[in-house]
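Note that chain A is present in both complexes that follow, paired respectively with chain B and with chain C.
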Partner chain A sequence: MKTKYAPLMAALTAAALFTGTACSNSGSSSEQTTDPNEKVSLTYWTWAPNMDKVAAAWNAKNPNIQVTVNKQDGGDPAVTKLLTAIKAGSGAPDIMQAEYQKIPTLVSADALADIAADAGSLKDKFPAGAWNGVTLGSDAVYGVPQDSGPLMFFYRADVFEKNGLSAPKTWDEYATAAEKIHKANPKQYLGTFSATDAGLFTGLAQQAGASWWGVQGDAWSVAIDEPNTQKVAAYWGGLVEKGVIDNKPMYTPEWNAALNDGTQVGWVSAVWAPGVLEGSAKDTKGKWKAAAMPQWDAAAPATGAWGGSATSVTTQSKHKKQAAQFVSWLNSDPEAVKLLATEASVYPASNDAASVLTSPPAFFADQADYYAIAAEASKQMKPFTYGPNVNVAYSAFNDAFGKAAESKKASAFTESLTTMQKTTVDDLKNAGFNVAG
Partner chain B sequence: MSLKKGRSKTATALLLLGAAYCLLPVLWVLIASSKSSGELFSTFTLAPSTHLFDNLADLSGYRDGLYWRWMANTALYAGVGAAASTLISAMAGFALAKFDFPGKSAVFNVILAGVLVPGVLLAIPQYLLLAKVGMTNTYWAVLLPSFISPYGIYLARIFAAASVPTEILEASRIDGAGDWRTFGTVVLPMMRTGLVTVFLFQFVAVWNNFMLPYIMLGDDRLYPITVGLNGLLNQGANQPAMYTAVVTGALVSIIPLIALFLTLQRYWQVDLAAGGVKA
Partner chain C sequence: MTPSASTTARRPVGRRAGTPYAFLAPAMILFVAFLAAPIVYAAYLSLRKVKVSGLGLGAKSRTEIWAGLDNYARSLTDPDFLPSVGRIGLYGLIVVPTMLGLALLFALLLDANRTRESVGKFARISIFLPYAVPAVVGSLLWGFLYLPRVSPITDLFEAVGITAPELLSRDLTLWAVANIAVWGGTGFNMIVIYTALRAVPLSLYESARIDGASEVAIAWRIKIPIVTPSLIMTFVFSLIATLQVFAEPMTLRPLANTISTTWTPLMKVYRDAFTRNDLYAAAATSVIIALATFILSFGFLKLVGRRAFNQED
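Entry: the complex of A and B
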């Protein structure tokens, strides 16, 4: 008698839990359909601001394909979440913003659907480099380029004027300017070497002519510890060793404050920099100017990229065709491209970007040629191939260059490349990829 | 006498130090949330400013008041999760303390082992399990795992053993009450102070939980405060992190916890005293 109901209570508790399970399982087992009149709803994971307003324009015109935007944390977290969902077998969105450097990783995890049939014809609407980023040199199309981030140089025009300087055309001039500014006012730096922004360093290496990964037949090759990248590492290591630029990371509260109070008076960044400066250097509005990147060889101007992403359809989507239609519209329709630029504050990858971006960003209101410089930079972008373990190379960068920046020794900068190279190759081999060389 | 006096001075100093250690970060949040984004990292740390209400307005304005939805979500996760967890803990703790059934000690040992496993470790397995039934990215994904609290069951068992005399259960049975009725009208009231403790523990645990919702949820309209605020700091390289909004949001998010502790404090004190007397 005493024990009679105890198991029953346990069973009831369990039953209550399972009822909950059954109720909220939304029966998402419908098959892929091609019926054009079927109503489908798609989810889109992106971290670009106001993307829901861009999607609203599509939803208004396409009552049968409704897109819901789920805003994500920037960059890595969303990709990690997507990879987890792919491995778990459910939970992934239909559409995903994917940075170019993450696409090989996502493709090798079988996370991105090939949408060549629906989006392949868009090839001519994008710069060759951006398109290569979504095809990885194959016939497949793993997304449509959404935005790009050509490197540009930003500087405090008032400080340059005071020191009798003009925007540096070459890296030699940049070094001279950095030295002069720091000498005139020991508190001021023209820039900092940020050991937490592997993406920027990659862009600088790209500008110098490096391409860290490559495909040789059925094998990957890795070329991080190579002459072009060594040149870049030695250059920044030299500036840090001399003490003419800072060695603290970017995107910290201290760095924000330094931009705002005028101790950081320059920033090697990308086309999207005004959005950041507007937030962190509010009090200096109107004092900044944008310029093309300093060059290694002024006769052959080149630039790299920092950031930039494509919009991809995931392999878990039940409505890949409709998702591909939205992705194509988002990145190539003139109306959408304009909304991307004005609402979502990205620099669209489409060749039409120049024609929709007619007035400069608010933070650079006086610089009428802002987007002309950006368009020029876009054209000068050097080719660069990302591999399937960019995250490993980047975290090796953070570790090795973190110590190098701390030590302020140029030799430590170039030695860090050897560490990065070894870590990246070892990881590829461990993951079972063929590695050439 | 002099020894006693000296000792109490040291003790007071230590306690004051401890209090300062706990309260300084709260004070920092309070002061920092009154600064504008330009002042946040440039003016003296402990110098308050006058922008608290501007910051609150900015925070409320972020994507049509999404912050308040996060607050409501957190209240739902913590409130429903803690209430269900308390009920389940009470039932399980009572059954383990007062009934004899085969496998009882095995069940209790498994629960004890569960106390030792940090919840963070379980987040990934729970994700994989819920992904199998397609329930990730729903309210249930965060609610279900918070229903079971091994620590709560353990506490409830101790408390039921100490505060519910077997004679009263027998009296209740002799008077013709079924087990459900006995549990609802006799046992629950007697366990109340202990259950308040269980409720508070679980409420705070869910309120502050980050890992589980971070892994489970992809839709930011389902986020609790913790994950939402973290997102404001990670806007991607081409957007500035919203420090001011995050600091202000953190300040507002602890107000309900403080209110809860103040209202439930009397039960809490009774509980501590009761434990001391009855042990």
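Entry: the complex of A and C
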């Protein structure tokens, strides 16, 4: 019998593969039996450093659920690999680190499993903004928040002192400081507008009160070209046009050199900045200070996020329950949260983060209140909804703002938002999403 | 060959009729598995698209449907596509003549010096070496040289009191990328042309000299016509490489504002496939690029056909 049907089976399999209906997952997995003594091994894709050491602590206590960490290059390549594996029907890990802005994309590709049954009770352990990032405002739970990246402002205290400045409390003060510093030394800039870092610009728009995507009934709405974001774009475009801040991308050898030789004397960044500065600006150790973000309205302090990710279970996992157990432990157990902070060098999303982070990061050793500032910033995070085509919006940002930054014209910055809005909406419509408005 | 009676007797016809196919099989299997099948699959994908329903969240909200020529229409009307084609056109106009001109010049110079073997060998290897450097590594090296603050070139300019040009600015980026291609490709083309020159019998030159021809005249009247087939071949290779330029601008992109995600047609394919997760549009653009490559290379070969392959005529 077996051999008789073999060719037919092969043909059917080939046909299934060919027509791309490789949605093998959901059906079979829900029937999985959960024998408590069953030994399972899980794979975990992450790019946070030393995550294998964190997993080792779990493995030591859970001999039946062994987690193997598979180090990834970073957020984007990992997502590309995961989406390819989902499309192919096999090859995805059980557990996956997923940046908040990628979660709608991954959910839309049916890559992330709903673990509400196993992790839904963790809601109160996380700030509302982070939790919203993993539920997308629904009853489903597509992961547990792992780390967050509240925006903060970093500056060279020595340069500020020399120019008689203190840390800017508002964006107006930031602009004044930028002008003063650049006038005093034409080689020095308080910052740069980087067209390669869409994530930072998104965070700045978030701080100003924008939320680029939204759900209205059963349709997506897109609001990129809107007053709050326009205000942010016009502000940075104005600074670039005046020439008081630089227009070159961040994360280039040149930018590293500029941080290290004191020509870039400030950085609007996020809580994880010390790790970057330690690598790029090692000669300036001890000269930097961290501060809360400059504000649009000092009376109503707000901040946005740059980076941050959740840990999710993939739809291809054969052991979703066990995977969800590990994911819950990793991000909410006090011991694990401490390991995340100390070994993996992330700023845990958990409300317990403040209690495990007592001493400041090495690069800011003199600043005892470092994590107090970060905790305050976490609380002031504005809500922001990501949509299913963040990548499209981000690559439109790269192209449009790259041209704008090169042209050094404030008007080009605000026009770029129109391009981003159009590209993003067109893409959604073309794919068949319901789009409101 | 006329087989003798004894050999035919020892080789019964029919029993081993499959033998040639057995020998062909590995090549055919590899060809089908790794070339023909992916091409057919890409062509198939280019006629499909994914339709999302509603919010597109959760399972079963995506279905793959027949798209007809939709993807092709979208590719060709994409506002970024034609500029990227124009850009590589200009890029080709810079790279191909410069690279082949230099390669021919170097090959002729090396050949003129046949007696001094050791010098020739050293020069040959040093010109060829950049070809052995992977494009990504070469682009990173050049990227460092292009960035004013980390580049020794800037230091040199400043030492003599001139403001260094910004090589990754709007006007110069194309030249900066072309420079990497010329640097990386000249060596290979030089070796191809040089090898063709070495095949020319020395007696030909001797008789030319006896007739009173100068070295320049020998190069112009004898050597270049003889290596024309090689020049045509290197030209076709360069044409294909131009249509497929990808690694250099992709590596330089994060360093500059001036290189967009769709700077060349292949970068658009990459963006569609891996940033936008739209394999179908990427497949359509790939098919267009493949067809263009096919038409251009074979069109050119047809144009010069007789000269390329029948040099004795």
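Miscellaneous remarks
Assume the second predicted complex is superposed on the first by the 406 of 437 C-alpha atoms of A that agree within 3 Å, B and C clash if a C-alpha of one lies under 4 Å from a C-alpha of the other, contacts with A are read in each partner's own complex, and residues count from 1 in each chain.
Simple rule for what comes next: a residue touches a chain if its C-beta (ideal position, glycine included) is under 8 Å from a C-beta of that chain, and two chains touch if they have at least 3 such contacts.
Bear in mind that the values here come from a model prediction, so they are computed numbers and not experimental data.
When both complexes are overlaid on chain A, the residue A:K71 reaches chain B alone and has no touch with chain C. Of the two partner chains placed around the shared chain by superposition, neither chain B nor chain C is touched by A:S41. Once the two complexes are laid over each other on the shared chain, residue contacts for A:G199 go to chain B alone; chain C is not touched. Once the two complexes are overlaid on the shared chain, A:A257 sits against chain B and chain C alike. Of the two partner chains placed by superposition, only chain C is touched by A:A219; chain B is not. Judged by the touch definition given at the top, the superposed model places A:S121 against neither chain B nor chain C. Of the two partner chains, neither chain B nor chain C is touched by A:S359. In the superposed model, A:T418 makes contact with neither chain B nor chain C. Contacts of chain A with chain B, set against its contacts with chain C after fitting on chain A, overlap at residues 20-21, 25-26, 251, 253-254, 257, 261. Residue ranges of chain C in contact with chain A, taken from their complex: 41, 44, 48, 50-62, 64, 74, 80, 143-144, 147-150, 169-170, 254-262, 271, 274-279. Of all residues in chain A, those touching chain B in their complex are 2-7, 9-10, 13, 17, 20-21, 24-26, 28, 43, 45, 47-49, 68, 70-75, 77, 81, 84-85, 88-91, 93, 149, 197, 199, 251, 253-254, 256-257, 260-261, 270, 272-273, 275-276, 278-280, 282-283, 306-307, 345-346. Within the complex, the chain B residues that touch chain A are 37-38, 40-42, 63, 88, 91-92, 95, 99-101, 124, 127-128, 131-140, 144, 147, 178-180, 215, 218-221, 230-231, 234-243.
The part of chain A that touches chain C in the complex is made up of residues 18-21, 23, 25-26, 80, 83, 87, 104-105, 107-110, 136, 138, 140, 195-196, 215, 218-220, 247-249, 251-254, 257-258, 261, 263, 315, 388-389, 391-392, 394-395, 398-399, 402-403, 405-406, 427, 430-434.
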